[in-house]
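Next come two complexes built around chain A: one with chain B, the other with chain C.
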Partner chain A sequence: MTTAAPPTAAQSRASRNRARLLRTMLPALSMALILLAIAWLNPRAISYFGFSLMLNLAIPIALATIAQMFVITINELDLSIGTFVGFVGCVTATWLHDAPLLGALVLLASIGVYAGLGALIHLRNLPSIVVTLGMSFVWQGLAILLLPKPGGSAPDWLKGFMGLKVPFVPFPIVAAVVIALVVHFALMRSAYGTVLRGAGGNPQAIGRAGWSLLKTKVVMFAMTGLFGVISGMALIGITTSADANIGNGYTLLSIAGVILGGGEFVGGRVSPIGAVIGALTLALAASPLLTFMSIPPDWQVAANGVILISVLAARALISRKGA
Partner chain B sequence: MPSFAKLFATPWIWSFLGALLVWLAAVIFTGGHGAGGMITAALSLAVFTVIVGLGQMFVVTLGPGNVDLSLPANIGLASAVAMKTMDGQDSLIALGLLAALACGVVIGLANYALIRVLRIPPIIATLSSSFIILSTDIHYGRGLQIKPPESFADFANVQILGFPILGLFGVALAVVAWAGLQRMVYGRSVLAIGQNMRAAKLAGIPVERVRMLTYTLSGALGGINGALLAGYFRGASVDIGNEYLLSSIAVVVIGGTSVAGGKANVPGIWGASLFLVLLLTMLNTFGVSAGLRLLLTGLIIVGVITAAGGHKTGR
Partner chain C sequence: MTDPLRSIAKLDGVRRSFGAVRALDGVDFTVLPKECIGLVGHNGAGKSTLMSILAGTGTPDSGQIAINGAAQTAWSIQRARALGVRCVFQELSLCPNLSVAENTRVSHASLKGWGGAKRAADLIRASLDQIFPGHGISPQDIVGDLAIGQRQMVEVARAFTVTDDPLHLVILDEPTSSLDAQTARQLLDHIRHAVAGGVSCILISHILGEILDTSDRVVVMRDGKVVADEAAANLTRSALVASMGGARLHAKTNRTDTQGTSQPIVAEVQAGAAHGPIGLQARRGEVIGLAGLAGHGQTKLLIDLFEAAGSPRNGLSVAGAVALVAGDRQTDGIFPLWSIAKNISIRSLAALRRGVFIAADKEAHLAETWRDRIGIRTDDLDNNILSLSGGNQQKALFARALASDAQIILMDDPMRGVDIGTKLDVYDLIRAQAQQGRTFLWYTTETDELDNCDRVYVFRNGQIVAVLNHGDLTEEKIIQSSFAEVTA
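So, the complex of A and B:
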């Protein structure tokens, strides 16, 4: 650069704010880009019916992404969320259908297991990656024991709920907005939500201020369990039957969704609205867009990788300019 | 001579004890039948985990957040590349191994480039690259039943006095890795970076070059592993490397390497790999179902990690 005068403080602050705004908007922008591509390739897809179809499976993915976001907020990672969703799916399609009380108890207990994991990881100072990797075997094993062959059937009320028809706006979009807003207000706007995020940003400070770090871990892992349960139930409500491997892909999708949505692995910097948008982007990009672009199925997984890399590249560019 | 107290204070001894324990349990169950065969089979199978475990160990030692999630996809692609290059001909074996190695090196370099250029956490970088590698593999190896040349497959199964030749290779590799870690500038640099990246940089260690080397090393080991696996199991496949995502990370941690970085342990990788393989052998001899086997494996891994405990350094 040849400019002689250094930028004034106000100027640099303005440019920093612009970069920050751009960064916040990035998840929405990438989704808009994907939607534009879809509209261009197949205008008929942009309709009530088209969105209902395209976003059909987006809701369980968004819920699993939110579940992952809770643990990422406190600098942990859950590599078992995919098999957990599968386990919940198997419970939903068998016990919750045949013996609702037992099914509900098992699901509640599994949330308790998550809370216990949070306590274990905190008290023994364990790496969450390894503990949850081990747990992914546990959930998958349980799912296979429960449902050795694909089958079972969803409770009718669940099928009815997931098949809900809302006038004008497709149900998946309504559900996505509700999920994003509820979690946004709970985590970003409430007093205890701030403490929870603080436990990821500066645990020492939160501890010295008198908050129990153990409790924050337990609460966040329990929330992950809760949203994992809802995700598994929503998934079975859509597919109507289960398979022990049904959720396996969700682990990586959920991590990718959180990061696409502007979240970071450390420091308690996450965005619930961004995470939901990130999940929808991945869901849209995963199959509808690729089908319209007639990309062979071989390369569909790669497309997720490319989208992830491009968004992160854009983010790196913006951050460098803003720095 | 080290005293017993000192021996038991070393973190890796526990993984070997664990391996011995599950082996004894299996042997007692079978009434002593196939005790030797079990060890021979375990030595062969453990080598594959050792190879990727060593790569993962160097990566993890670089410090918090460093992990290579692209290993399974890498192994899958390299297995296909090796088998296609060998084309079932004995004369092309060396070329095939080289091709698998080159494939792994390219993947490692690409991983590092993503981390460096995009400044993203290694977890996400290696995750996104694994998506692309997986697709490449599906496209490249689809619809082909690729078999290894006969002599390569035989070689991978050769035993010397009941000791599999692959096991010898694994031991040799571990010795080299130990020397590289403890006696070479490279290994000391990796440890230094893991302990404190800023201090390492100020001390004049070429941090970025060491990180690049480490990710490349992990990729290269993944590539070699892919070729050997395809030889051992007589064929390449897309999901041949799937189980190595968990096991490569698990052996690093069970073997006494710190997830917080800066502290690595080579013998522990062998102990932990034997432990995992013998654990599966034991559960198989007990005749438990697939679901129960997964459940018990998971519980035992979580149990071992809990017993081994974390280190006070945190993430």
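So, the complex of A and C:
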């Protein structure tokens, strides 16, 4: 213990801001590290074609991560997002292809179910973990009923859209930037987005300012449903056919993506840009390209774990210094 | 005295009960334009409940609310804000994850669309500059990073910002509690300035000097009623203290000091440490009261003592096992899924073992013994704890502490919301247990209960500021010590 003079207000603000900046940069830094590692393993991967291949499945993951981020903003958790993405995938590959109107109605109704869950969780004061864990079996069951064995086929317009070729920059990167910016402006800059984040930070204060807390829950769960639907459709647009279990891994991946991107489980502290970067980082570390570099798939899963733990450790270290 | 047509806000016959506790018992309250009302009263007098009803966050059981002479039927927060009534709550209402500007935006629905963030920042900066010149807060600062005093400044400044909704009345509940002397002065000056500008204010404070200096009129509450309503100019500090405490005469229990000072000290807080200039000693067999306004460090001292029993700490010494009776039953006390018997026995499991298992017969015997001794009203101790009434749940928590091997019992305002019958039972029990050599440290917000204590320590701002022996104990003296003379 040394006895230092107490820092002045200006000094402490400067160090606080430095820690905050470092924290904000952490998701980008971790992705840069992964990219460096890939470049070192195989320099040719850092190319238009390489990125298109490595980030092939990154967009559905990024969308599912954003979906998860909405509920985490209001201190809830969605354990059903993975099977929900799978269910949406099955609807997309069957009804949306064969009877577009019915398919669209079913997908809209499923967003309504999410909104209803938000209302139920708020009104009955239920733990969202339990409710969504239950729902995960419901979505899974519906998906299996709809598509007992892998098959179906994506609507052509969807395949066309997901296979879009953009000059110079691979499509997944363009899509990721668009998703991150749209959600950033909606949640971080708009007036109601501020209220929604406030509802995660101090619900009582939001209530006392005259806002409906029920509405914040319903809106956030509906947004989760909406992005879950887009994620499932994007996934089928890439894979072109569906399987009832296709999204099962997304639940934990999406939670990891939010946390990797600088979000916290409670307190309304989230970052849409960070969440998208987090999702891309996880997708890169598990990309099929690594398999061709003779890195076995088992190690890739472990790599994701190692990345997550190191980033969280680095964040804890920064926070302690900043405090 | 007041013309209802001229009033900004008028409450008539407002009543509100929380379970067995009557928080407001028919209160009439009027706010006139361009006036500052000082609202004072001891713990649980009903000030905060009354203000939450006026601000629309609480609903009265009965009574009328009229704003600008118009009776309000569907009174709510939204309605209150639309009609220009704002409240700075005692527990701060800022979102720690948002910036200062964003918190301002949240409280003004009109700050939307492009440029809303910038307008919010300008608005709060202007308000902070006006009220607290030299505040050193940037609108971009995240509230969670600010010191508690700065947060209070933001909260106050936010209440005085105006966009679309009018601003007629600002309620300030203990606004200076975390401010230093200079900022508190700035705030009080601003209140006078705002009142001169046509905004009425209600100021709640435990610092009587600032109430008398700042207010035009002072309203005193006691036991859910308004007991005095006077122009501040006609009041003195001692008159205020007298009306808060009332002229209630206590039939003092005649207690002979049988224990004397020969008994060993079992718990001690040394003077000069974190708990202030006066030390605390508790001897074997004594009942020690901890008094003062709620939240001034009494609970913290109890927890510090509890922890000191396990591992010695600076300035605190505790000799013997301790047990804590929690005040907030629902969060700190009961195990809501367990039976009554299990709730009682949890503190004594070590004594109930047979081998590595808990002996069911010993456990049942312990629970039955204490049911009879303390009078828990149930026919089956295996029923869920929630099947009991609030008072009986509290008895079960007492049974838990008293059934244990602890010689020192710490009580954290355990009688909150308990009916009078239970209280009298428990007082008798505490005295009987003290006779047998147990020591009680008893934090209570009810002045009447202190009459059961051999000695009372009064807390203010986390420190012990006065010690009163049983013979010298009067409500007036406690209030005198609880309320600071001037802005600290």
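The definition used in the following text is that the second predicted complex is superposed on the first by the 307 of 323 C-alpha atoms of A that agree within 3 Å, B and C clash if a C-alpha of one lies under 4 Å from a C-alpha of the other, contacts with A are read in each partner's own complex, and residues count from 1 in each chain.
The criterion applied here is as follows: a residue touches a chain if its C-beta (ideal position, glycine included) is under 8 Å from a C-beta of that chain, and two chains touch if they have at least 3 such contacts.
The shown structure was predicted, so the numbers you read here are calculated from the model rather than taken from an experiment.
By the touch criterion defined above, A:Ile259 reaches chain B but does not reach chain C. In the superposition on chain A, A:Gly200 contacts chain C only, with no contact to chain B. Contact with chain B, but none with chain C, is seen for A:Arg124 once the two complexes are overlaid on the shared chain.
Put simply, more of the residues of chain A are touched by B, taking chain B and chain C as the two choices.
After overlaying the two complexes on the shared chain, residue contacts for A:Arg44 are found with neither chain B nor chain C. Look at A:Lys165: by the touch rule set out above, it reaches neither chain B nor chain C.
The touching residues of chain C, counted against chain A in their complex, run 57, 77-78, 81, 87, 89, 92-98, 102-103, 105-107, 109, 111-113, 116-117, 136, 141-142, 145. In the complex of the two chains, the chain B residues touching chain A come out as 65, 67, 114, 117-121, 123-124, 127-132, 134-136, 138-139, 142, 245-246, 249-250, 253, 259, 289-299, 301-302, 305-306, 309-312, 314-315.
The residues of chain A lying in touch with chain C in their complex are 9, 13, 16, 20, 189-192, 194-195, 197-198, 200-202, 204-211, 267-269.
Taken in their complex, chain A has these residues touching chain B: 75, 77, 120, 124-127, 129-131, 133-146, 148, 244, 252, 255-256, 259, 264-266, 296, 298-306, 308-309, 312-313, 316, 319.
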